[in-house]
Amino acid sequence: MTLTLAGVGYRYAGASRPSLLDVDLELPDGAVVGLVGPSEAGKTTVCLVASGLAPRTVSGQIRGRVLLDGEDVDAWPMHRLSARIGIGFENPSTQLSQVAGTVFEEVAFGPMNLGAARDEVVERTWEALTNMRIDDLAERDPGRLSGGQQQLVAMAGLLAMRPAHLVLDEPTAQLDPAGTRLVGEAIARLAAGGASILVAEQKTDLLAEVADRVVVIADGRILFSGPADETLADPRLVEAGVAEPAPVRLRRAAEAAGLDPARLEVPLDA
Amino acid sequence: MAGRVRLTDPQPARGLPDFLGRPGPTPVHRLNPLTKATLATVTAVAAVALGGLVGPILLVAVAVLVPAALARVLGRLLRLALLLALPIAISAFLVNLFFFPGAERVLLRIGPITATAEGLEFALQILVRILAISGAVTLFYLTTRPADLVVDLERRGISPRAAFVANASVQTVPAMVDRAAQITAAQRARGLDTEGSLWRRIRGIIPIVGPVILGSIAEVEERTMALEARGFTRPGRRTLLWAPADAGLERLARWAMVAALLALIVARVAGIWT
Amino acid sequence: MGIRWIAALVAFIVVILIGIVSIGNFDTGIDPDNFFDTEGANSFALIGAIALVVGFVVYAGVEYAQTGGLGSIARQFDTRTIVLMPIAVAINIILGATVANALKIPIYLDSIGTILVGVLAGPVAGALTGFLSNILWTYVIPPPFQNGPAAAFAVVAVIIGVLAGLAGRAGWMRPRPNRSIGQLGIGAVITVGVIVAMSWLAYLGWTSPAFGGEVNFDVAGSDAIFNVLGWLVLVLVAGTIIGLLALLFVRRDLTAAYVVVAGLGTGIIAALISAPISANVFSGVTGGGTDFLVAALRQAGADIGAATLGQGLISDPIDKITTFFVVYLILAGMAARTKARFPQGDRLLEEGGAADLEEGEWRGASA
């Protein structure tokens, strides 16, 4: 089931100019697509449009089409889309529902809302907890976990809804290094298992590891895109205001210093 | 379903975890939450409707103290109920003792104000009534988890959104207090003066109000998105993981309590009972 | 659509009249053995509550007959409102508990959340916020914030929410900066007049003769958080007066006058309904700073009913004016974009248009 944005433009309600113009993006089944760009480039807006929150929850005007396997989802209500596309945000604590006393109930929140039969809700919850490797946290109070753990709980809550695609908007932006590692590993595991994920990130190292394709966006428009290793090594990346991954930076530094990068004993493709 | 985010690790089947819906330690705890809520409300209203001294005292003994003893929370109940009633009790007692208009029998004179016997009687009645209400409400608080009551109401048919608001409110109060305390501590560390002159105190308050109230409101947008991303807008009922048990006997008891209360009110209003 | 409101209002008045006629007069003499005074003003609260419910049912019934649904009510409860309500309830309870427990001054400050939700989302949403706040405050919130009498006043909170919703719907909370001198002049007269009257009554209340006329600024309670929050409350009240005057004369914002009128009206109605409850259930004493005021009035010879009504008419308008002002400040601190997304948000924005958009098939809401 491919998620497609075709010629999408978006203007938030009350804004003087559009945040997105003419965006084409495709997220096929099993692919991991990274979205990079400087701040205010429109990464979050792309995520909101892809998940359907824009223009439904976040009022505004949209142009172009959002398609799931070729079908225009413009008329779909938010709850129907939420079962197909899950979206995670950067703030771990505001994603908590605040009505769950335990992590188990927090993760079960989504399937409960969808009205699945009780046994199925329980099964899906355990499945999501196990896949995020947090089943030992099932009894804990989600409000008392670390940021990284809360982010894993949020992702488990999305997975429990069994979406076709996951959209993650800068999942590690508000986490400390330990949390970043925790979430990064979880995303890598999901990717290895064949999940279809759109990740907006400023930390290009993470994308170097898990992404198949990378799309570069600035000022609401797509600048260029391509296979991950090519795009992340493209010199235009830095011009656009995005920090390149560490191996790429290392290689460039080596070349600038006159050293032959091939003779450095450092793996340059993560 | 084709195209699902595929998850690795098949696992053995696990049922509903046992930490959900754990029954309480005593039979009183295990009563259905609606029954306990009905008991508390009926007792509180009856304490007002009964009037006099004997009625409310008996009511307290039967509807508050006995169940509290059975629930093994009597000590805590007395402590908390007295704490709850104390500010009102003191004020009510003093105000009524000294300022009862039209009273004749003087007990004590302190300067311009006098304590009267009628005032004393009235004050005692008010005191007992306040203690009854505090006791009833505290009993409910001590034997019932709010989440259980909300789940029970949702099972009976209130909207999931109403249930959400009730549950979230209960969690938000302590969360907001924590946040205010954290911000206070942080600001103190940065030199905020919470003692000292009036002007300095006033200047110090502002950096706390902003983050707490405006910060909470600023989060509304993110929280709204997160909820809607998890199917919150789907109309109709949602699945409940568990619900408290209810017995036919309890249902009968609830109706009986309400009927008795209504009878009492009618008798009172019609002047049959004084 | 006005038919619904008219029908509801008619039903409301009819029930009140029936109630008054069948109960009798409103003499509030208290008989020590029988203080469930059947002929007293206590019945007014009951009648008022019943009339409110009947009015609401008639409103809903007419809407259902007209449109086959309850859209105008359901629309007030979108996800955003649902998310705001618990925050509003928490603000109500925390500030209200601080005033009642730690600060012995005759105001309540337990309706900021209710009025905020009413103004942003609508009358029914505001009403439910108030109702839930009071019920939770008594039954569910643990000490030190728990408040015993609160649940009995739930109906008052409901009415405050409704009034706030109506004020919001009428556009009263919309900023009106840079108005002409003439308009400001009228606004100034109203605002200053009300403030002066309220301040004088407040002064009377705070220096109640029964207790020696000492104005008490010490904040009781050992909890540091109460200390801090207690001072916050004092600041709020003083700030309100200064702020309203500043709004009017510095920013030339006419809404200051609307805030004062809304607060005054809500305060008077709230006092009328809460006085009988306070008098008959708690003999006028609920544990807060208002008790001193009641005592003072009784010392002066008033019976319980008159004393609580007197106290209410002094405390409530001050309280509600302050509350509406604080809500106006909160709204001013919110971005227009954020406010606009609430059900009544469009009535809280300044008059003005949205930017023009290039042509092309833009779909969706523009503001």
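Order as written gives the chain letters A, B and C; numbering starts at 1 within each chain.
The rule is short, and it goes like this: a contact is a pair of C-beta atoms (placed from the backbone, for glycine too) under 8 Å apart; a residue touches a chain by one contact, two chains touch by 3 or more.
Remember, it's a predicted structure, so these values are computed and weren't measured experimentally.
Student: Compared with chain B, which chain's mean CA position is the farthest off?
Tutor: Measuring from the centre of chain B, the most distant chain centre belongs to A.
Student: Tell me which has more C-beta contacts between its two chains, A-C or B-C.
Tutor: B-C is joined by more C-beta pairs in contact.
Student: Suppose each chain is reduced to the average of its Cα coordinates; what separation in Å results between chain A and chain B?
Tutor: 42
Student: List the centre-to-centre spacing of chain A and chain C in whole Å, with centres computed as mean CA coordinates.
Tutor: Chain A and chain C have C-alpha centres separated by 44 Å.
Student: Determine the centre-to-centre distance between chain B and chain C, using the mean Cα coordinates as centres, and give it in whole Å.
Tutor: Distance between chain centres, rounded to whole Å: 22 Å.
Student: Could you list which residues of chain C touch at least two other chains?
Tutor: Answer for chain C, listing residues that touch two or more other chains: 79, 86, 341.
Student: Enumerate the residues of chain A that touch no fewer than two other chains.
Tutor: In chain A, residues 57-58, 98 touch at least two other chains, as defined above.
Student: Hunt down the residues of chain B that sit against at least two other chains at once, touch-wise.
Tutor: Those would be 164, 168, 171-172, 175, 221, 223-224, 227-228, 232-233.
Student: Can you list the chain B residues touching chain A in their complex?
Tutor: Interface residues on chain B, with respect to chain A: 1-9, 11, 13-17, 19-20, 147, 160, 163-164, 167-168, 171-172, 175, 219, 221-234, 236-241.
Student: Which residues of chain A touch chain B once you look at their complex with the stated criterion?
Tutor: For chain A paired with chain B, touching residues are 1, 29-30, 48, 51, 53, 56-58, 69, 77-79, 82-83, 86-87, 89, 91, 94-99, 101-102, 104-105, 108-118, 121-123, 126-128, 130-131, 138-139, 143, 154, 157-159, 161-166, 189-190, 193-197.
Student: Touching chain C in the complex: which residues of chain B?
Tutor: Touch residues, chain B against chain C: 37, 40, 44, 48-49, 51-52, 80, 83-85, 87-88, 91-92, 94-96, 98-101, 113, 118, 121-122, 125-126, 129-130, 133-134, 137, 140-141, 146, 161-162, 164-166, 168-173, 175-177, 180-181, 184, 194, 198, 201-202, 205-206, 208-209, 213-214, 216-218, 220-221, 223-224, 227-228, 232-233, 268-269, 271, 274.
Student: Note which residues of chain C are touching chain A in the complex, please.
Tutor: By the definition above, chain C touches chain A via 79, 86, 336-337, 340-341, 354-355, 357, 360-367.
Student: Would you pull the chain C residues touching chain B in the complex into a rising list?
Tutor: It is residues 32-36, 38, 77, 79-80, 82-87, 89-91, 93-94, 100-101, 128, 132-133, 136, 138-143, 145-146, 148-149, 151, 210, 217, 224-225, 227-229, 231-232, 234-235, 238, 280-288, 291, 294-295, 298-299, 301-303, 330, 333-334, 338, 341 of chain C that touch chain B.
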